[in-house]
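One structure, as structure tokens, below. Some questions next.
Think of it as A, B, C, D, E and F in the order they're written, each chain with its own count starting at 1.
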Amino acid sequence: MAEPVPVPADPPQFAVADAVQRALAEDLTPLGDLTSALLPPDQTASAVFVSRADGVLAGRACAVEAFRQIDPSLEIAWSAVDGGRVRPGSEIATVRGRLAPILTAERTALNFLGHLSGIATLTREFVERAHRASGGRTRVWDTRKTTPGLRSLEKAAVRAGGGANHRGNLSDWVLVKDNHVALLGIVEAAARARAMWPGRMVHVECDAVEQVRVALDAGVDAILLDNMAIPEIEKCVALARKAERRPLLEVSGGVTLDTIATFAATGVDLISVGALTNSAPVLDIGLDIVI
Amino acid sequence: MAEPVPVPADPPQFAVADAVQRALAEDLTPLGDLTSALLPPDQTASAVFVSRADGVLAGRACAVEAFRQIDPSLEIAWSAVDGGRVRPGSEIATVRGRLAPILTAERTALNFLGHLSGIATLTREFVERAHRASGGRTRVWDTRKTTPGLRSLEKAAVRAGGGANHRGNLSDWVLVKDNHVALLGIVEAAARARAMWPGRMVHVECDAVEQVRVALDAGVDAILLDNMAIPEIEKCVALARKAERRPLLEVSGGVTLDTIATFAATGVDLISVGALTNSAPVLDIGLDIVI
Amino acid sequence: MAEPVPVPADPPQFAVADAVQRALAEDLTPLGDLTSALLPPDQTASAVFVSRADGVLAGRACAVEAFRQIDPSLEIAWSAVDGGRVRPGSEIATVRGRLAPILTAERTALNFLGHLSGIATLTREFVERAHRASGGRTRVWDTRKTTPGLRSLEKAAVRAGGGANHRGNLSDWVLVKDNHVALLGIVEAAARARAMWPGRMVHVECDAVEQVRVALDAGVDAILLDNMAIPEIEKCVALARKAERRPLLEVSGGVTLDTIATFAATGVDLISVGALTNSAPVLDIGLDIVI
Amino acid sequence: MAEPVPVPADPPQFAVADAVQRALAEDLTPLGDLTSALLPPDQTASAVFVSRADGVLAGRACAVEAFRQIDPSLEIAWSAVDGGRVRPGSEIATVRGRLAPILTAERTALNFLGHLSGIATLTREFVERAHRASGGRTRVWDTRKTTPGLRSLEKAAVRAGGGANHRGNLSDWVLVKDNHVALLGIVEAAARARAMWPGRMVHVECDAVEQVRVALDAGVDAILLDNMAIPEIEKCVALARKAERRPLLEVSGGVTLDTIATFAATGVDLISVGALTNSAPVLDIGLDIVI
Amino acid sequence: MAEPVPVPADPPQFAVADAVQRALAEDLTPLGDLTSALLPPDQTASAVFVSRADGVLAGRACAVEAFRQIDPSLEIAWSAVDGGRVRPGSEIATVRGRLAPILTAERTALNFLGHLSGIATLTREFVERAHRASGGRTRVWDTRKTTPGLRSLEKAAVRAGGGANHRGNLSDWVLVKDNHVALLGIVEAAARARAMWPGRMVHVECDAVEQVRVALDAGVDAILLDNMAIPEIEKCVALARKAERRPLLEVSGGVTLDTIATFAATGVDLISVGALTNSAPVLDIGLDIVI
Amino acid sequence: MAEPVPVPADPPQFAVADAVQRALAEDLTPLGDLTSALLPPDQTASAVFVSRADGVLAGRACAVEAFRQIDPSLEIAWSAVDGGRVRPGSEIATVRGRLAPILTAERTALNFLGHLSGIATLTREFVERAHRASGGRTRVWDTRKTTPGLRSLEKAAVRAGGGANHRGNLSDWVLVKDNHVALLGIVEAAARARAMWPGRMVHVECDAVEQVRVALDAGVDAILLDNMAIPEIEKCVALARKAERRPLLEVSGGVTLDTIATFAATGVDLISVGALTNSAPVLDIGLDIVI
């Protein structure tokens, strides 16, 4: 069984540029960097991004953009790629040029790298455990539980970690949840979804095996097994295998690094983990400056 | 010794409105909420925000704004305040009005509440341990290690947690770090800072007792003791007490929930903790809908 | 066979507010409305939107927003809904209040109403012909050939016209086109799509029956029959009906009001028409003012 | 009688950059181009914009900007200019570089080129007919009936088509319409306009010969003959020729490709046509990719 | 001879809202108003805007908007209008509500009121002197020498002061200056202007009587007499009176409060004064708070 | 006694880019530069910024940005620096490239240079007088009385003039003014400030010697002597010298070029002057074009 191979795809460049511009503005309004203004303006330096911990890198495009917006003449050479592993002491990149703008952009660059690499690192942990427990069958994907304003960047970091992306947003596909079911029933909700949004995936949340039977009969494209116990999940997997048209089975609820293997062993297709994007601690990365 | 009493101050309203607008845009571009469009448009409901865990609330203004931007006719009644404690099952607020917009705004409101309450909750933990260990003397404050684009909101959440705010940004005051010291020396850096930015706090990072002596002689306003061992910190505290003009003493580096009491017991004034804003897990809050 | 019943869903409010704000800014920079400034400031009036032609209404939210941004005290009463038919002379809405702001907002409101109603009107024409020719089976949907900056609003106007929405944008689902096929082949492209973007529809463009066979074998979710002749399309429909898992069949290319019935009669599921959004003439709507 | 020679002037660059940025954002939020992510990242290609129809080109600056914003390393070589004629098969430009970003920007570039060239093409038709019928005297100009958000770009496309630009917006000059006349009368309205906005053109809408006499006596700078019959227009032309100070005479209302020659033959100076910008079908342009 | 009566027209509301939003953001990023946070949150007050000097009021809409954006529940009652005179001690407006937001918005509101009233006040001085010296014939207007980002607001303040607005911007009309004349000559420049921008005023800068003769022969709409001596200006006025079509005559250069009467006495139509918008000192207005 | 040596620090680049973009947009919406469009597009020129008066230069970054945004191929060579003196006739910079974009950007570049150099020039006057009268002890700094939207740029211009920057904004430090004192008293206000915002300067406004005694006892960091007479100021200086911890003493109110020497001679540390940023007349700078 091979290791999972992430195929990261960069976030859209305008999302990177915009997020960096906002981060710099909040760090520099109104007077700019008071302390860097004390330095001799022509002093140059090189600065090396070094990992202080084990992890997976993400956010290169944001770090590049932070230095570019502060001083386009700074030069950056990378020795690691998004999705690549770093160890304590791993050199990630070297920035060369005037010292003052390097220090001005340092914290913004580190905030992006640390936050996004933290997401990639936690994702990789979940992905590897699910991969091993399922023989490579079960994928891990994210949720819409992202940090406000950073959805594009965080979902790219999940990809760098080897995870997949669930719905990008409410406009992506139809996800019929408990409240929709309560009002419309699964059959009617699925029928409306197909009528109103043809060609879109119809994804239904079920919290009981009986609902899954209904959803299978309704021919939905994906079923989210929400907060079900392992034996129920196994029943649902078995039911789905017998179905004429096998939908994707997704599990959510109560998934932690400790429990994911158990969920993955049931043979579901996908496990969604909100913690990837809303609870990943920062990856500790520092900037060592050589003057 | 009294408990610390947070005096939370709301973030500026334009920062709230702007962050919410961006979060909704990333969740709804380009087609809006496909699933809510299936619902009967006149269906009303009430929806109760309920905590699923112990914690400290923050982010009310963001939740209000999320519902307001989607449908100004929704009504929200709060039963908890920013800075207040919540328990599993605590009702936080009730939203009443049309169901479809409630569901459209739900995730955005929860993302803000969960993220910011997570910060307030972790902050409160650190604050209480420092308070107890120091007899109320030692305060906890944040850093510039915030999530890009959310600086204003996260620093307000730290205040809701009972923490204080370190520099808001690079424009706030002068913080002379190791690289500035290497180039200029503490005495020269402090002199330049006073000449160029009169009236601003001059804050110097020191990593050895000898540097602290120099900084005290230079009459700086605050000294950051970076990654020092406890005995050295104690020496610095003693030195500072003897100084003609006693500066603030701040500790940073290696501060965790396990170690903070030890640091606080040294009698320093402030302890900075980057984890408050870059590694706080989300506070689990849900929205229960009654149709 | 029943008439098709459009279930229009409004575009997101922030998209409406933003588009209107930009339209007003380009009409009023830098000095505002020179001519309205000549009027007595307290003069009031009522103004009636009247259709000058047969058509389908769309864009109400934009017209409301235009008046609201110029003068929130103006009152609007509607006698028609998005998706509803209008005839020459049909009254659509009445605005009451101060005359000067009514005249200032008039052209912006009309530009939105006319453009979006033009799209809804043309869509309805295509939809009805496809509906009749296919016994209600074949749907019409739009494309990404929208006017830059108005995607959300135009796709909502298509829904008001009874059409469906194809991909909202490049982030929605995977559409493997001729160039991707040339590089990767259908089988490999579909495999990569499933691996990289699990749960997303895999949609493949084919321009020959032989390609359709490959796509059916690959189990893709939807097939776009691009610029095929009617007999070939019929072959593809027959093949798809025999397939184990019947994908959606979409036709594009050469579809006009004259030819759509012929395409719809083949029994395909969907017909995409770029002209809905990039070539619809304006619906002639006027504003009659009573002072 | 020479052909009319358009002297196109580019729209302001910030208007181009802004419109393109918005178009790309709506096409790529939140996850970017899912399908291009399947391609080998280093695959290069050349891509040729080819006209599929007869027309007049406009929008080059927007196409350039779309590729530049997605990948500044792409190279574009043009073989046609804004305002130049294209035929079916005419090569317009060639883009060279990485294939993935070319495909990501393709639709946005085409949407601008097609929309703006459609406007230039329709404008040229009207312009040539007016030119021929009037011996080169009568000009065609646009209106404020533009697509919201694209005013600058569409008015530049009209110039590329050989048309002129009427008022850019409400801030440009004073246009006294029927409602202003009803309230103030022509004489008073003109007096107020000159008092309040000295140096600005005073332009008055008239729908009867008698009103034109009043306007001529009032010495206005331009008269808009709105929805008048040909014989009345001819009377107005004759009256204006006898006036001490001959104002510009403009015709609007009921002007189509079929009728414009008749209007132009009356000898008026200008004919305004809303359809130039609100009803021009797209010019069919494609992108042929050579890998 | 009557006093000149200003007919102020408000700037567009979006320009007001946008300028205020930016001003508040620069005053409150990132932490908000530190000092107001010390106040009891429920403390209310009333606050009276009082003039400390003689002047003319402008900028009411901006002050209203500043308070509205900070706290929509604040109530403002005005006792003066834009364009109205104020004296030392004149009460201008009263704000009532919570004290903390009043103090937070105070400086922003005062900055707008003071700056814009300063412009209106200086304008009124120039206007009255020109009015008296010319028997009411000569008007004063502004230039494009405005403070970057405040063009709309400053030009409205000029109107409040009784001045008129010259070109709003480069898009308004054609102003042929010395460099254009050097390259094209007046005749050719005017011909090109009429061909390219029909209906627009053609305004030509002349610095010698001989040029004015050429411009008169070319039938231009307005002539700017730049830095001419009084006798030359008088010659130009005489020439223009004899011209078949009398253009507007404008004087610029060397116009101060001391010299304007002399220029106005020549009988020119308009005098442009850059100082109105780029050198007006603030009007001293204070806010007296009653708790 | 040496001359004061300004150490100007540039404003943040995003603040420059944003202010310039807005200034260009307001000057070019919607049609661009009508007059420059008449010129031969390939005509080149060189253009020299020349001072027409004595002054101090500021705003170079804005002028560079204005030309860059209009045409990145223009080349600028500077012969003066921000903070440097200019005389009538001093050449400041030379721009070379296409004439049309030079003329389009000219006024925007001049508006920034003139406004910001006007501030630097007036600041230098105040600074030199205070410097001489105090033997170099007393500094001049600005206030929050800045032009809305230009705070960053104007505060940088004050630095170029040799002045210092007071609070950047309300988020910078605590300034307890008369209304806060009225409600809380100095002692309580200072205590709250230290509790809520540890590490921030506590600055208190006093208008009587008695208040200064209280403030000194409270150990505040800075005292603003507001509108005090010279003898009272002298008493406060004497009191402060005797204080255990000498706070900064600032004077404000009634400070003009005529009176500043008297204030400075009292030995206070800082004098704040609102006129630096809200009443500085423009520095007259022109652009001489050589074709």
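By definition in this document, contacts are C-beta pairs under 8 Å (C-beta built on N, C-alpha and C of every residue); 3 or more make two chains touch, one makes a residue touch a chain.
All values derive from a computational prediction rather than experimental measurement.
Undergrad: Specify the chain most distant from chain F by Cα centroid.
TA: C
Undergrad: How would you label the chain B and chain F contact, same or different, if same means the shared numbers make up over half of all numbers there?
TA: Same, since most residue numbers here occur in both copies.
Undergrad: Any idea how many Å lie between the Cα centroids of chain B and chain E?
TA: Whole-Å distance between the two chain centres: 45.
Undergrad: Between chain D and chain E, what's the gap in Å when you average each chain's C-alpha atoms?
TA: A distance of 32 Å separates the two centres.
Undergrad: Which chain D residues sit where two or more other chains touch them?
TA: Counting only residues that touch two or more other chains, chain D contributes 7, 9, 25-26, 28-32, 37, 151-152, 165, 168-169, 171-173, 196-197, 200.
Undergrad: Which of line, ring, star, complete or other matches the graph of chains that touch?
TA: complete
Undergrad: Contact residues on chain B for chain D in the complex?
TA: By the definition above, chain B touches chain D via 25-26, 29-30.
Undergrad: Applying the document's contact rule, which stretches of chain C touch chain B when the two form their complex?
TA: Residues 7, 9-15, 151-152, 155-156, 165, 168-169.
Undergrad: In the complex, go through chain A and note every residue touching chain F.
TA: Spelled out, the residues of chain A in touch with chain F are 21, 24-25, 28-32, 37, 69-70.
Undergrad: In the complex, go through chain C and note every residue touching chain D.
TA: By the definition above, chain C touches chain D via 19-20, 22-23, 26-40, 43, 45, 62, 99, 103-104, 107-108, 110-112, 114-115, 118, 144-152, 169-177, 179-180, 182-184, 189, 192-193, 196-197, 200, 274-275, 278-279, 281-282, 289, 291.
Undergrad: Write out the stretch or stretches of chain F touching chain B in their complex.
TA: For this pair, the touching residues of chain F are 7, 9, 139, 141, 164-166, 168, 171-173, 195-201, 203, 221-222, 245, 248, 250, 269-270.
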